[in-house]
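Below is a structure I'd like to ask you about.
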Amino acid sequence: MDSTTAIAIASIVTAGLTIGIGCLAPALGEGKSVATALTSLAQQPDASATITRTLFVGLAMIESLAIYCFVVSMILIFANPFWKFVIAHAVQGK
Amino acid sequence: MDSTTAIAIASIVTAGLTIGIGCLAPALGEGKSVATALTSLAQQPDASATITRTLFVGLAMIESLAIYCFVVSMILIFANPFWKFVIAHAVQGK
Amino acid sequence: MDSTTAIAIASIVTAGLTIGIGCLAPALGEGKSVATALTSLAQQPDASATITRTLFVGLAMIESLAIYCFVVSMILIFANPFWKFVIAHAVQGK
Amino acid sequence: MDSTTAIAIASIVTAGLTIGIGCLAPALGEGKSVATALTSLAQQPDASATITRTLFVGLAMIESLAIYCFVVSMILIFANPFWKFVIAHAVQGK
Amino acid sequence: MDSTTAIAIASIVTAGLTIGIGCLAPALGEGKSVATALTSLAQQPDASATITRTLFVGLAMIESLAIYCFVVSMILIFANPFWKFVIAHAVQGK
Amino acid sequence: MDSTTAIAIASIVTAGLTIGIGCLAPALGEGKSVATALTSLAQQPDASATITRTLFVGLAMIESLAIYCFVVSMILIFANPFWKFVIAHAVQGK
Amino acid sequence: MDSTTAIAIASIVTAGLTIGIGCLAPALGEGKSVATALTSLAQQPDASATITRTLFVGLAMIESLAIYCFVVSMILIFANPFWKFVIAHAVQGK
Amino acid sequence: MDSTTAIAIASIVTAGLTIGIGCLAPALGEGKSVATALTSLAQQPDASATITRTLFVGLAMIESLAIYCFVVSMILIFANPFWKFVIAHAVQGK
Amino acid sequence: MDSTTAIAIASIVTAGLTIGIGCLAPALGEGKSVATALTSLAQQPDASATITRTLFVGLAMIESLAIYCFVVSMILIFANPFWKFVIAHAVQGK
Amino acid sequence: MDSTTAIAIASIVTAGLTIGIGCLAPALGEGKSVATALTSLAQQPDASATITRTLFVGLAMIESLAIYCFVVSMILIFANPFWKFVIAHAVQGK
Amino acid sequence: MDSTTAIAIASIVTAGLTIGIGCLAPALGEGKSVATALTSLAQQPDASATITRTLFVGLAMIESLAIYCFVVSMILIFANPFWKFVIAHAVQGK
Amino acid sequence: MDSTTAIAIASIVTAGLTIGIGCLAPALGEGKSVATALTSLAQQPDASATITRTLFVGLAMIESLAIYCFVVSMILIFANPFWKFVIAHAVQGK
Amino acid sequence: MDSTTAIAIASIVTAGLTIGIGCLAPALGEGKSVATALTSLAQQPDASATITRTLFVGLAMIESLAIYCFVVSMILIFANPFWKFVIAHAVQGK
Amino acid sequence: MDSTTAIAIASIVTAGLTIGIGCLAPALGEGKSVATALTSLAQQPDASATITRTLFVGLAMIESLAIYCFVVSMILIFANPFWKFVIAHAVQGK
């Protein structure tokens, strides 16, 4: 297995696992937040403005964690510096 | 095992595992959100408009995490840059 | 083991694991949703219309996650681009 | 180990594991749903019609997830396109 | 290790694991259902007819999941199409 | 390692693991059922006839799952079709 | 490693693991049953006859699951048909 | 590694693991039983005779499961039929 | 596999896993914090200023942990001292 | 690696793991028992005689499980029949 | 694989895993602390000064644990004594 | 790797793991006991003599389990009969 | 791979894992302590002096456990006696 | 890999893992003890002398378990009898 193939495989597998693992906890965290928001709305409908605003800020913070993983996953597929290096050398070497 | 085969296998396995693992937590998170929405509706039927709206926003946020995984999975099967590179070279090399 | 066999095995194993793993969490999430719906119905029978409607929307959202996995599983068995590529070349190469 | 044997083994092992793993969560989800239905019936016997109907819809949704796994398992044993391809070639090749 | 032996071993191991793993969750689900039925009977003895009927329907649904695993296990031992194929060829080949 | 030995080992290991794993969940499920039955009896001694009857039906259902595993385990040790095939051929081949 | 040794090792390891794993859940289940029986006796001393009888029936059912594992374990050590077959052939072959 | 050594190692490792694993659950089960007995005694000191008797019967049942593992462990060390067979043959063979 | 490739693969895999694993706990921690903030707001709407301020400080602390992981991940992809060393030597060595 | 060394290593590793694993559950079970005893003493100081006596009997039963593991561990280090057999033969064989 | 490469890979992988694993528990601990602080603020708004001060001291203690991991991770990447030793010798040796 | 080294490595690794694993559960059990003792003292300060005495007896019993592991660990490092045997023979053999 | 490299790699990996694993539980323990301190302060603001003092003693005890791990980690990187031995010999041997 | 290196590596890895694993449970146990002490102090400030004294005795007992692990870890690094033996022989043998 030559260098190009080995790096391509590592990038594919890592890109998939990063976003796959990295979405686990944000989904659970957001589910917990949304669930508590609904309980709070049912308990205190008058505070719905404050609750909704706090919920959206919280969801944005948690979503940002999944975005980090998605960004790393995209970098590994479409802007991978190691891949660029080896295909540049593979082309040169031929 | 030549380069084409190795990258194809890595793409197949990663595509399946990414969507398989990546759906675990969103499903649990959505299940928790829907369950709490139903409890809240039973407890405070008058706030059903606010509860339903907040639930749908929350479900959309959580679903987006599974969509990230589905997108990466689809990219690996149908728009895989590494695969395109090796089959271009495999064809050239022949 | 030649290319055709290796890709076939990878597709078979991944197709099975994807749907196998991917059904775990949706089943738990739906079970939780249905269970809470029943508790809510017993607690507030008058809101049965709203509860049932919200339950069905929620179940549809969660079922969609399992459908993603089923779709990827079916693509890997019946519409696998990597498999098509290698059998096209295997036939050509003979 | 020739191609035919390798694909046969992969199909056998995957078929068994798919249905084995895929039945875990539906069984737990249905157990939870049935258990809550019984609690709800004991608490509100008058709503038994609504509760029973919602329970059956929910069980059908959850059972459908196990059916997906069973279908994939059966496809891998009795209608496996990869197996058909290799035995067609194995017969031709002889 | 020739083809016949390899497929026989895969069938034996998979048959055992399928039924072994596949009985875990149904047993837990049925245990939960039966336990809740007993609690409900103690709480509301008058609804025993409805509770018993719903319990039996639920147990049948959950048992069906274990039956799927048992069926796949039996197919792999006594009606395995891959095994039939290889012993047919093994006999022919001699 | 010849065919006979390999299949014998696979049968021994699988037979033990099948019954070993397959007894885990039924034991927990039955323990839960019996425990709830005792709680219910203490809470509502008058319903002891109904409770005991429902308990026995439930235990029978759960025990049946362990019986499936025991049956597969016994088949693998004493009525294993793969073992019969190889020893028939081993005897013939000599 | 010859056939006799390989089968002996497989039998030893499997016999130990079967009884080792197979006693885990029955012990937990019996512990739960006994614990609930004691709680019930403290709560309702007048029903001690019914509680004790139901407890013993339940313990017998759970103990039977461990007995299955013990039986398989003993069969593998003292009445193993595969072992008998290979030592019969080993003696003949000499 | 000759037969004698291999079987000795398998017996040593299995004997240790069997008693090691097999004591886990009985210890937890007995701990739970004793703990509940103490709670029950504190709650209903008058029923101490019945509680103590039921506790001892229960502990005996759970202890019996650990005894099974200890017996298998002792058989593997001091009365191992496979070990006896190989040392008999090893002595003969010399 | 030469030095350049090996270090590139190690960097790719580690970069992905670091951010993937490192986002798990912060997402859960933030989800818990946001959820409790919503409960507290519903319970004591008058203290919303203090609650929101404390929540934001807490989220910042937890987010900083994920940032550490993201920083290490970015360093491994774009500012990796080991990679710079080997490509400097690889260029020199040619 | 000769027989003597292999059996010595297996004995060392097994002796350590047996007592290491075998102390896990007894420690948890005793901790639970002691903790409940303290709760019961605080709740019903008058029953301290009965509680203390039952606690000591229970601790003795649980400690006995750890003693089994310690005994097996000591047998493997200081009275190992397999070790005695091989060093007897190693000495003879020289 | 020469010494330089092997140590570089070990440093990369360890640096990533150390900060990845080392952030798990601090994030959970801080999440728990922040969550309880919010509950306490809602319950006793008058004690907000003491609560906030204790919270910040606690967060600092927990954050310090993650800092230890981050420090080790940075040392392994930028001030690794083993790496310095081998590249000094690699340069000398040339 | 000669006998002396192999046994030394096995002793080192086992000694560390035995005490490492063997301290897990006693620490949790003692933590639980101490925690309950504190709760009980706060609830019933008058029974502090009985509570403290029972706590110390319980801690001693649990500590004894960790001592068993420590003893085995020390035996393996400083009084290892297998090590003594091999170095005696290694010295003789030279 | 020569001795120097092998020991360097073992030291790097162990140093990272020791501090990584060793910070898990202290962070959880401190999080629990801080959280309970905040609850206690909200419940009994008058005892804030005693609570804060006890909290700080407790945090110091728990932090000391992480310090042990950090010390071992630092010793392995900067004052490793095995590393010193091998580089002394490596220099001598040249 | 010669004897000296192998034993050095085993000592390094074991020393790190022993203290790493061995600090997990004491930290959790101490966290639980401190947390309960704070709850008890808030509930019964008058018993602070008894509570603090019992807490310190308990922490000392639990800390001792971590000390055992630290001692074994230090022995393996700085007073390792196996290491002393091999370097004595390595020096002699030269």
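Order of writing sets the labels: A, B, C, D, E, F, G, H, I, J, K, L, M and N. Residues in every chain begin at 1.
Note that in this section contacts are C-beta pairs under 8 Å (C-beta built on N, C-alpha and C of every residue); 3 or more make two chains touch, one makes a residue touch a chain.
A quick map from chain label to UniProt name: A, B, C, D, E, F, G, H, I, J, K, L, M, N = ATP synthase subunit c.
Small disclaimer: the values here were computed from a predicted structure and weren't measured.
Trainee: Indicate the whole-number Å distance between the mean C-alpha point of chain I and the mean C-alpha point of chain N.
Mentor: A distance of 30 Å separates the two centres.
Trainee: For chain H and chain M, what's the span in angstrom between their mean Cα positions?
Mentor: A distance of 38 Å separates the two centres.
Trainee: Centre to centre, by mean C-alpha position, how many angstrom separate chain E and chain N?
Mentor: 47
Trainee: Can you check how far apart chain H and chain L are, centre to centre, with Cα atoms defining each centre and the answer in Å?
Mentor: 21
Trainee: Give me the residue numbers in chain C that touch at least two other chains, ranges are fine.
Mentor: Those would be 1, 11, 13, 15, 17, 19-21, 24-26, 28-33, 35-37, 39, 41, 43, 55, 59, 66, 73.
Trainee: Among line, ring, star, complete and other, which one matches the pattern of chain touches?
Mentor: Basically the chains close up into a ring.
Trainee: If you start at chain C and step next to chain D, which chains follow, in turn, all the way round the ring?
Mentor: C, D, E, F, G, H, J, L, N, M, K, I, A, B
Trainee: Across the complex, what residues on chain I touch chain A?
Mentor: 1-2, 4-5, 8-9, 11-13, 15-17, 19-21, 23-39, 41-43, 45, 48, 52, 55-56, 59, 63, 66, 70, 73, 77-78, 83, 87
Trainee: For the complex, give me every residue of chain C touching chain B.
Mentor: Contact set of chain C toward chain B: 1, 3, 6-7, 10-11, 13-15, 17-22, 24-26, 28-33, 35-37, 39-41, 43-44, 46-47, 50-51, 54-55, 58-59, 61-62, 64-66, 68-69, 72-73, 75-76, 80-82, 85-86.
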